[in-house]
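First chain A sits with chain B, and in the next complex the same chain sits with chain C.
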Partner chain A sequence: MLWVDKYRPRTLDKMFVHEEIAQNLKKLVAEQDCPHLLFYGPPGAGKKTLIMALLREMFGPAAEKVKLEQKTWKIDAGTRTIELELAMLASTHHVELNPSDAGFQDRYIVQEIIKEMAKNRPIDSKGKKGFKVLVLNEVDKLSKEAQHSLRRTMEKYSASCRLVLCCNSSSRVTEAVRSRCLNVRLNAPTVEQIIEVLELIGKKESLQLPPGFAARIAAQSNRSMRRAILSFETCRVQQYPFTVNQAVPAMDWEQYVSEIASDIMKEQSPKRLFQVRGKVYELLANCIPPEVILKKLLLELLKKLDSELKHEICHWAAYYEHRMRLGQKSIFHIEAFVAKFMSIYKAFLIETFG
Partner chain B sequence: MAPLIPSSQPWVEKYRPKQVKDVAHQDEVVRVLTNTLETANCPHMLFYGPPGTGKTTTALAIAHQLFGPELYKSRVLELNASDDRGINVVRTKIKDFAAVAVGSGSRQGGYPCPPYKIIILDEADSMTEDAQNALRRTMETYSKVTRFFFICNYISRIIEPLASRCAKFRFKPLSAEVMSSRILHICNEEGLNLDQEALSTLSSISEGDLCRAITYLQSSARLYGSSISSKELISVSGVIPQNAVEALFVACKTGDFDFANKEVNNVIAEGYPISQMLSGLFEVIISSDDLSDVQKARICKRLGREADKVSTL
Partner chain C sequence: MGKRKAVIVLSSSEDDEVRDRSAGGHQRPSKSRSNPLSTSRKRIGKRSKETSCVGSVSRPSPKLEAAKFATLSEDFSDCLEDLHLARGNQYWKELWIDKYKPSSVAQLAVHKKKVEEIKCWLEDRLTKSKGRSGNVLLLTGHAGIGKSATVRAIASQLGAQLCEWTTPTPTLWQEHVHISNLGLRYVSKLDEFESFVEKVGKYSLLFPNNFGLSKVPIIILIDDLPGTNGRAAFVKLKKCLMTLAHSSQLPTIISITEFSEIDLGKGSTSRYEELISILERAGAQKVAFNPLTVSSIKKVLSNICQEEKCDVTLELIDQIAKTCGGDIRNAVASFQYCCVRPDDFLLSASSTQMTTNTRLDFTKSRSSLLTGQNGHEPLSFFLVGRDETLTLFHALGKFLHNKREIPNALDLDLGSESLVLCKKFVRKPLKMDVPERVLSQAYGQARPVVDFLHENVLDFVSDGAINDAWMVSSYLSDADCLLALSLHIIFPSLTDMHESKSISQLVAASVAVRGVLFGNVQPMSSRWHTIRSPKLWQIEHLAHQHKNELMGAKCDTYGIGVSMSEIVTEYLPSVKWISSGITDGLGDGKYEHYPIRVNSSSEHGFVVYDSKESMSNEESDDDEIEDW
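And then the complex of A and B:
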């Protein structure tokens, strides 16, 4: 079992970070009065952990027995019937799904599936807890129509179904949905908190941590707890006992992106652009999300760049990132960014060095 | 069926005014509608305005007051965005409902019961243009027996031919005093303690949206018990604390890229919603003293463009 899962807090009482929020949630559950919830925060902040702990608090250990179901839904959309296949994680008390996986047909998922699920009221032997919890991930990726249909569904079936929504950016969730939920903002853990957790894990695994080692991992983790624990474990596998200045390895795709960045810096020509395209394709084929690639590429380029050019490059990165979200094929936009960068950088070089 | 948990109705529903005359702050609308109630005669209507100003409440209240609980089901059709409202629905469901003739107006149980039906289209601005176009003729053909109430946030999203067939009513954001009096009323009913500071915070963070104010109030009552301070309200509402916005503004003013970059990373890690951050930044820039008007205008122009990008899906 990975350490990330092994040391994931299982109950609200054992949360390392966000203790206050966990206690508040506990109070909500204790009062049997749970509103719809919307959790938002950057990746690795502990959204999922908190949700799982919350479900456990509500339903006891039964909520942890989840099974993966691949279900096909037939939806009657007036003139034609749409078939949708969607993976979902279900226990007897809750269902978790990613409605945005359905792409542009996500509206039907929200309208039909949630309605159907909410209509099937669970029956408990004690006659308690007459509601099911529906966990929806990545609501910020839902289309506008789907979010609109969510708002009424939430009100209509609120007696039998509680929604727990989870997303990175609450700006992309419509106001109407946000105002119907109790919003919970989860910030990323601070570097000190990450260090604390790493040291705790080190102690439990009975490892010798050289001073400052945890701090270096934490500094590289971008304030994501998951990242930090994963790279900690990678270090453990690579070399133990730890040495004082052992390098903390970056993810291999990150190294690849940084290679691309130095390629771009070295030569700006159509030929090089063609090579870069091949490499970007490689990354995309390995299921690295295009936004992440573009962001990392920007960060790598910024490291090597003259400070005069930085703000301009940032501007263009934002520009192409936006267009990428509007369009369907991400490769064009990444490539356009690379080309733009090359032209700006080359012009800069010619101007400075002649 | 498992029994309902003794849980609470949302306060928004619980304290929704049941009668047109109780609707707060929308004097003109209330005056016209009271008249309607007396004469039992009404045109097609279009309610527009920002969220939480009482549009849906008004529409539901007038329908209830016209027909009373008994006839309500057969005379009123309520559709909103979660019901499928493509062109098919307009062609079949709405048309079928609109076409049914109803008996002449005889007063039943003290309700006017006028001889027409009402179709309430909530969130009409999310209807497709095609669907709206398909409604045009339906509205005219059956205008003898059917009245349409459209409810929307943005009147510009309703196609002109539909808007011109309706009497338009603008709902204005609630003033701080009206809001405070409503909030205090709810606090009394629910036995909550709210000091003056918390009250003013609540009116400022909810920006004239009563629905939102009540939701915040209920959330914080659930979380923190019966005495609520302004700090707790802010934490529930997810408003960005002023010093975080100030810090970003200061970082932008230095013109130092790395410093600004660090601050931006911090904002992202704290998980503040970016759209709110931008509107917070906007406030700071507008009220800032050491920027010239031209500078402000140019910054705001850029800000507007970026804010637009942030919310596209």
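And then the complex of A and C:
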């Protein structure tokens, strides 16, 4: 098991970060009145951990007995039936799924599953009608239609099921859905918190941590707990006992992007642009999301850039990121950004150095 | 219904007889000779099918026919009488294509060298035909450039008799049902061709002995290869042709019409090329016909003009010759069409001529701005002649090479008069048609055109001009947005949606093309460039595959809640490191169930993709793009 999973806090009491929120949630559950919940926050902030702990708080250890199901849904859509296959993780009390995996047919999934869950409501030991919890991941990636149908079904079946939604950015969730949920924002953990956690893990694994080592990992982690723990484990595999100035391995794709960035800084010509395109292609073929590439590339470029130009470059990066969302093929826009950067940078070089 | 069928059968047999009679003496024996042969060769010694159609229309004895019909049915005879009268009143001319068919070698418009080549070959084969292989001559070329006419003319000059394979008429389904009810087996046209090929081998051996009286040399002409559908049939056809090339004892001429890629799609051209290469390997000699030159077509047309005493201007002839694209059949037909009502036509032709002349100097200077007007410039181009088509690669080459006129002082003056532009926006006039028209000629669809431009344009931007590169890529990015927009438009009615979609696609293509033309201020001096197929397509395919793979593994390994990007950007790289640690013997087997994905990849875990495979497809098109 990866350390990320191994040292994941299981209960609300044991949460390392967001302790306050955890306590509030605990009170909420204790009062037996749980509204729909929407957790949002940057990756690695602990949304998933919190949700799992919350479910355990609600249903006890039974919530942890989950089973993976590949379920085929037959959906009657007017004139034809659509068959959709979607993986879901289910216990007796909750179902977890990722509706955006269904692609453009996501709205059928949302409706159908909620309907089905509403049909067979569990009855708890006291004979009272209980409710099931439906955990939907990546709600921000749902289509607008799916979010609308989510809103309707939410109202209709609110007696029989509770929704727990989870996403990175609440701005891509429609107002209607947001207003029907209790919004819980989870901040990224601070560097100090990450250091604390890493040192804790180090103690439990009985590792000797040289001073400042955890701090360096934390600094590289982008304030993502998951990222920090993963690279901590990577370091452990690479070299143990740790040395004081052991390099923290960067993600391979990030290295690749910084290579691209230095390529761009070295030469500004159509030929080089073409080479850059080839490299971006390799990243894309490995399913690295284009937004992530563009963002990382911008950060790498900014590192090496004269502060005079930073403003303009950021402007163009934002411009082409928007274009990317409007367009179909991201490479066109990434390339346009690179070309624009090259053009600006070259003009700058000529101006300053003649 | 039954009656009607009977009538048709009668008329067609009649037609044959009539034509035989009119054709005269020396064709008679050919028919009797052909009798012992298979049914598939029943058309031997006759003219090809098209001409027989025409012949039936201009047949001189409709009365006789009408009388026969009358005995069959009174009603029919009445109708036919009317019809016959109507036809009698009409002033009818034979089509010029048939009337002015070249009967001698001298009349051929084909290049002398080609004619000579074929003639030499035929003479060579006819004088000492015994016991040598390579009796097959292959003629290739576009439609209507006189392949068959050349063979016929030479044959008649050499006094040889031409035996022609004509693909039998296709069997209709009803016919098929009827035949199979009678207990006959259906024979596919390809099978018939196969048996014909077999017989050619034997027949040529037997023939001179059996019919010793005939000293007329025989040439076999295969003008129409049976169509094939599917790989198996094609292989069979190939085998047939191979045996034909090897076993044929008589000089055999196979003429294959080249099709442009656009007409038939990519697969079929490669098939024709394959056929040609197979025949060549089997020892066939190939003579490739080029499209006829404008001057030779003009000569033919003016000859016809003199014969018919038509009052047409030289300009018209000139225009027809230019627009027909080397297709003389088309040229003659459109010439006849123009001569039907010369008054109207002349007017329009001359008027456009005038306007083009007067406008020429204007357009030259302002064509970069006003190219839209050029769109409906010479109307007569569309009245006659074939629409010119371009291959997609040809068009792309035009856009990418971005050739511009060299401006002279006069043009610059005019330009400044009409509209003053900032200097950085001024471009020299294009050395081509309006980009949109070029696109439509190439049947370019927006998405592939944009992708192709994107893939290749950087090769054509000169080295230092990074600003140009940005301009081009920003326009391509615009085009991509427009294309994406065309997918998302939702309109109330379906037809509306369809239309707006196609329009926005056109706009996107136009933006991309014009962006490429405008942005590339100093295109590289023209040199050899290969046009690559977009690597983007491969990458998309790979990414899709990869994603599906990950999706499969995702649930088992990482649980449902983890998003795709998290897996790719965080889990996978770390897991790779960790598992590579295990293979080094550092780990303790804890991580066994994580898939190890590092083995097959290169240094960074990124596979290097080989694009050679797709390149080879394009290579055949390269020669067209060399210089435009």
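Simple rule for what comes next: the second predicted complex is superposed on the first by the 348 of 354 C-alpha atoms of A that agree within 3 Å, B and C clash if a C-alpha of one lies under 4 Å from a C-alpha of the other, contacts with A are read in each partner's own complex, and residues count from 1 in each chain.
Here, a residue touches a chain if its C-beta (ideal position, glycine included) is under 8 Å from a C-beta of that chain, and two chains touch if they have at least 3 such contacts.
Bear in mind that the values here come from a model prediction, so they are computed numbers and not experimental data.
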In the superposed arrangement, does A:F274 touch chain B (first), chain C (second), both or neither? second
Give one of first, second, both or neither to describe whether A:R185 is in contact with chain B, with chain C, with both, or with none. first
Of the partners chain B and chain C, which touch A:E335 in the superposed model: first, second, both, neither? second
Using the touch definition from the top, say if A:K204 reaches chain B (first), chain C (second), both or neither. neither
I'd like to know which partner A:H315 touches here: chain B for first, chain C for second, both or neither. neither
Between chain B and chain C, whom does A:K27 touch in the aligned arrangement: first, second, both, or neither? first
For A:N137, using the defined touch cut-off, is the partner it touches chain B, chain C, both, or neither? Pick first, second, both or neither. second
For A:R172, select first, second, both or neither according to whether it touches chain B, chain C, the two together, or no partner. first
Applying the touch criterion given at the start, work out whether A:H148 contacts chain B, chain C, both or neither, answering first, second, both or neither. first
Check: chain A residues flagged as touching chain B and also chain C 141, 326
Touching residues of chain A toward chain C in the complex: what are they? 1-2, 43-44, 48, 51, 68, 70, 87-89, 96-98, 101, 135, 137-138, 141, 166, 224, 226-227, 230-231, 233-234, 237-238, 240, 249, 251-253, 255-256, 268-271, 273-274, 277-278, 281-289, 292, 320, 323, 326-329, 331-333, 335-336, 339-340, 342-343, 346-347
Write out the stretch or stretches of chain B touching chain A in their complex. 1-8, 10, 51-52, 80-84, 86, 88, 123, 126, 209, 211-212, 215, 218-219, 222-224, 236-238, 257-258, 261, 268-276, 306, 309-313
The chain A residues in contact with chain B across the complex are 24, 27-28, 31-35, 40-42, 45, 77-79, 111, 121-124, 127-131, 140-145, 148-153, 156, 158-159, 169-172, 175-176, 179-180, 182-183, 185-188, 222-223, 302, 307, 310-311, 314, 318, 322, 325-326
Using the touch definition up top, name the residues of chain C that touch chain A in the complex. 451, 454, 458-459, 461-470, 472-474, 476-477, 479-481, 483-485, 487, 535-536, 539-540, 542-543, 546-547, 550-551, 554-556, 559-566, 568-571, 573-578, 580-582, 586-587, 590-591, 594, 604-609
